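The chains carry the letters A, B, C, D and E, assigned in the order they are written, with residues numbered from 1 in each.
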């Protein structure tokens, strides 16, 4: 199955129209950042209430053998007996100082406990993005340009990669590569070998998406006159592809990957739990199940900041790739 | 005089091979060294396809099914890729209609011109900087060294088209093919670009094939003209002869329906009907349904009339003046 | 890809999806009443081709001796209810928001788009985790939650269309003839958006079936004993070694459904190849 | 005394194994048979390894390295390796000396412990009476961080050193199970209170800690009860059961706790060892008449008890790891167990008869529980449906289920496990004792609650045993709860580890692990 | 009788990333009943913006729009709808001006659907020279010329006093352009309708216009009777436009005014005459002072040097 895409994409049109709109403003970056920061605060507020309404950490801590009195004692100990509103006011004050409090569970500062596992997730996201680019772009080229058989093959693989959920793929990988073949560790984090399977489980979808993006961009680009111009100059198909068609496909692909990162973080939650990969996703899930509010809030905060930073970097990257977005037009 | 380009009985089709649409049927056309030929026709007449298919630039699904295209002694129909690459940009320079779309938005225009040079002369792109500046000067780009560093979107339409022309001239081709080179431009800029084209072709003794729907453009720069209708050439000859005394009723109608820049309200002479689209060409003479002088015979394919040293594809070429057409 | 094979894959996807849907919604009704009931004496029986297979349980039984065919169909009904329901909800909300925001622009548009940006920039799972913890994961809650998970794409897509269509000459002409905004949206924008919305819907179904699976995998999806493909699979993974069929059937169904939903989306997109539909697939399949 | 330490294989798992299909599993079988994983080769062949590295894994590990800050029993696998208690339970469930060599009840509320004099902490400091008293004082300080551990000490009012090696512990009221309480109390070097890595006197000390992920330990060379063949020990958390099982299969970990029973039997079929032990827990379903008045009718409660085939239940829902129980909460080996109590047996006809008599046909009896008990609760619902009730399982989030259980439920049935393994005493099952205001009663029998209160201060062993047995008999007669089984604690271990040495508290004694290669 | 259309110093500005783009700058014009007013200029000169203002399809920032004496530029969205039938718009690209999803019949009937009036679709089709059998077809099945006729028919449906025609023949094939222009002339005769005709091609305009306005960078630089403007252009820009028109016949030599450079960006207009940078006759005063409109033999010119 190939992506037989024709016509002009709305995103391309929007991207083309955007520069005139946002170029000279002092800060598309600043505006974006401000908006995202405000939203982050809003989201943390939402989370504050959501999480607190969602259940009682004291209950989780107490366990079924506890008595009612013990439960009450733990609640008092955690400061959960105060009215929600005064808890929220205190929370807002703490937020300004980036103080998320201490983990209900371990007593460690929540932000530290989240930041400690951030690098592991960063590495996972980076390897996944790199994989999706390094594998996805050639696959996309094959999808758009290869012969019938290769195209069908790649297309089938991509269809499958897009349809197999990461947790299904992850379970399969563990059974084949860890249990049966014994090539890779089934769980854990910290060593390069532990990255392989989580990366594959997470990247399969991203690879397929990138490949389809690239293929769509390339096929769409086929109608572009500048490619015809390049042929008319005497350039070979290969040169036209690598020097003209692909670079022009990249801004759209890059923006898509930026969006992808936020999906990746969602996917990472599942994959990290499955592979006991000690990253932010696993920490978040643990904290949610333990109703460890401070850690939940810190994790959401860190993930939010991460997404903001990725978006800003992505915007900057697209600007670098595409001169139309940075330099004024006549 | 020798022909730089010689197209013989060219047939082109497109679409699903099992149910193809014929776009060009038996076009023969030659461009002599040093001459400028205008290929005129309305949309769907096959004028662009004829040229682009000849150069192998018509895109996917467009196939030459019959005929020959010889360029400076090289047969292009069925030629291998290296030959085509040598020809494109080397022997033939091409200018497209939309100067913005024709330039890679991500590359500086100087680099794009340099690439054209590099592809045929080798070396590094930077080595061709002087050549780039020279080319830009040639097409009348002011401050060429600075403009070479600009991106396409930073230039005006006229400047872009000059850059595109410079690119076409990069390797001093013996033939320039220009597809509607001024259509996308403003009137005042059209005139400027027209001058550039004229200088680069007629004045430099370079052969050119200019595809256009604009008879004014032909009148300005071409020596010879070929008029296409429904995938066929219906009339060809010297610009002077054809404009002065068109023989095919279509050519007559076309010339007559041009509005003149004259004071005063008046009725225009109009051709009836509308140009047919590929795939729905009438049998016989394709122009017959619109032709004011059509007769029974016109339902069969008309022969080529070559009397008086003229060339037209009509059962009864009109030798009287065009006043009779309304 | 040729038109013919593109059509083939479209009809194949649609046919398979319909078959799956029919099987799941009607199948459990056609099976014997006690098909899904536990029979602890018949635990972990293999599928029909094995000599140990249990008569009447062609796909084997699970750890409670429940018939996997019945479970898979019943689970499919729940998964598809969630998938179809939430995708439909998402598309309805998205279309409404997108059309209005795109057509009117201004502050409404800015608010909607800012919300969409933020929503996309935030890992949905975080919100899902918190929500499920608060209000549980009954089917209506899950459908509502996943509706929230899927509203952005249809909103963005229909907004783009609305923006484009509102400046189309024929819409301006209608406005010039005195048409109200409601008329323009109903008569011009919606019909244009409809094919795209269907394409988006199709991709969204696939994406949401997967998300339901992911939520179940984390223990936040459909709550047992109500089966869904996600939680059957999730429960079955621990038996992969000896009773692989428990996880395999729902996993296969999820993958098949997603392939078909994506295939349907791709097919429709190609069939109605318009500028609006061209990129939708790449965006839509995101999750 | 029927303490069973056994290597179990249930018949159903054998059958399952025999019918393995599919390429992956076939390949797996080939690979594993290459490793030679039969019971005989595992225990018989190979050399004993000295200075072995062993990795233990479960779905969660401790929340803190400081045992006083423990929030649950989850961390006890860790604390048992690093710290000591004054007394411990042996495998037969009897109190044994540990840090304390002897103890004496001075009066109803005072007890004096005499300590060993050869014990030092891994920090080098000596373990003396002052240190023990300091530990007690710290936990009783009221600091909420120690609330959980303080709860275990409950009755203790104070402790003081009355000699270099003698500690006096004073309780608020007479406490018959003070020794039980002390067996849960880990002694930390007071000099390391508040440190990142508090020092203990056990066979291992901590070298590395990754929060929520793993604890790395190494042999404490100066311990009074040194580790034998194990030098390095890793305690690892792997939350996903599938991954946990895979980790054991791949050899990444040596012993695993917390796997679903079915997985354990699968592993067993693949040559892994299973070690199980009565867990000190009773799987039951609370019947709350407050929610469903029909449950006040003893006939309905009896019918429910007759509806369950407990052998089948244990086999299917507990994977065979447990003992069918139709009689009482406490199991054999626990103080107050009464083997004369009759057991409810599976009797469908009688159950339906009773239901008909009580007019409770079609009674809706949803069962609330948490995800952890999903499988057995589903099995119970299946049995109840089979006798004409309408039952389904409602899975609650743990944080919702605990209040449901401890305070107020809107569901008539609650599936849970009454754990009494920590104190090894009926006092642990406080939920059936007197109810606080606003708290729902699980057992509508006042006599039971009165007896519960009485036995908590009854120092006379015989009188107390009689009280506990009376309680059991009331519960049995009234069919006050749905008895189901006494589940086992189950470990799976790699062939190189063989059978795991467990303490009386069902915890791994890592220092006694023998690794063969 | 008041003019069919009266624009009074209308201006339209857009904010483009912090800067202001002046699309239309103080344009005033009047169109009498039955008159054809042609507005000529190159791309970006603001003629299309002005056309939309005239049809009230885009608002103004300054100035007034009067339709047959009634001021409409201050009306709210709802109230303007009642006035819409006065002025209808014909677009440049007839394929974009018709919904691909509506048949010809539906498209022509749409104004009736919207306003609730009744109308005779076949008659309208006849009026623009189309067979009523085409009513069942979709635009994609028609040629460009036919589509433009459909668009005109739709515009006529509400019997407007004024048609604003934005480059009505620019996208049509040469052989069809004349048909449409002739049709417009016929319709004007039959219905005494007024036209505001927007075009870039003076030649097209010269055959149909009564008055011509030449626009350059948002301003009308020359305006007067068509014959005057074509025969004796007074503004150097008009002269340039006429000189730039391609000649009709080979050998005919037109004296080209050589201008170099491009129009200045509408984002930062020079303080003086906007054309000064390209004007061969520009002097110092042109660079500093914007030329006021001057009346010369019934022609209004904005040039310091026109005579």
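Keep in mind that, in the parts below, a residue touches a chain if its C-beta (ideal position, glycine included) is under 8 Å from a C-beta of that chain, and two chains touch if they have at least 3 such contacts.
Quick caveat: nothing in here was measured; it's all calculated off a predicted structure.
Visitor: From the Cα centroids, identify the chain that ends up most central relative to all protein Cα atoms.
Guide: A
Visitor: Could you pull out the chain whose C-alpha mean position is farthest off from that of chain E?
Guide: D
Visitor: Taking contacts as defined above, which has more of them, B-E or A-B?
Guide: The comparison resolves to B-E.
Visitor: Roughly how far is chain B from chain C, centre to centre by C-alpha average, rounded to an integer in Å?
Guide: Each chain's C-alpha centroid was found; their separation is 52 Å.
Visitor: Measuring centre to centre with CA averages, how many angstrom lie between chain D and chain E?
Guide: Once rounded, the distance between the two centres reads 89 Å.
Visitor: Any idea how many Å lie between the Cα centroids of chain A and chain D?
Guide: Once rounded, the distance between the two centres reads 40 Å.
Visitor: If a residue has to touch 2 or more other chains to count, which residues of chain B qualify?
Guide: Only 156, 159 qualify.
Visitor: Among all residues of chain E, which ones touch two or more of the remaining chains?
Guide: Residues 262 of chain E each touch two or more of the other chains.
Visitor: Which residues does chain C have that touch at least 2 chains other than itself?
Guide: Residues 133, 219, 237, 240-241 of chain C touch two or more partner chains.
Visitor: Across the complex, what residues on chain D touch chain A?
Guide: Chain D residues touching chain A: 24, 27-28, 31, 63-64, 69, 71-73, 144-145, 147-148, 151, 210-213, 237-240, 242-244, 246-247, 249-252, 397-403, 405-407, 416-419, 422, 428, 430-431, 436, 439.
Visitor: Quick check on the complex: what are the chain E residues that touch chain C?
Guide: Residue positions touching the partner: 55-57, 81-82, 84-85, 87-89, 91, 93, 96-99, 101-102, 107, 110-111, 114-115, 151, 154-155, 157-158.
Visitor: Going by the contact rule set out above, which residues of chain E touch chain B in the complex?
Guide: Checking each residue of chain E against chain B gives 36, 42-43, 143-146, 173-179, 181-182, 185, 200-204, 206-210, 226-228, 230-231, 240-252, 256, 259-262.
Visitor: List the residues on chain A that touch chain B in their complex, please.
Guide: Against chain B, chain A makes touches at 222-226, 228-237, 239, 243-244, 247-248, 321-324, 327-330.
Visitor: For chain B, which residues count as touching chain E in their complex?
Guide: 42-43, 142, 156, 158-159, 186-192, 194-195, 213-220, 222, 239-240, 243-244, 253-254, 257-272, 274-275, 277, 290
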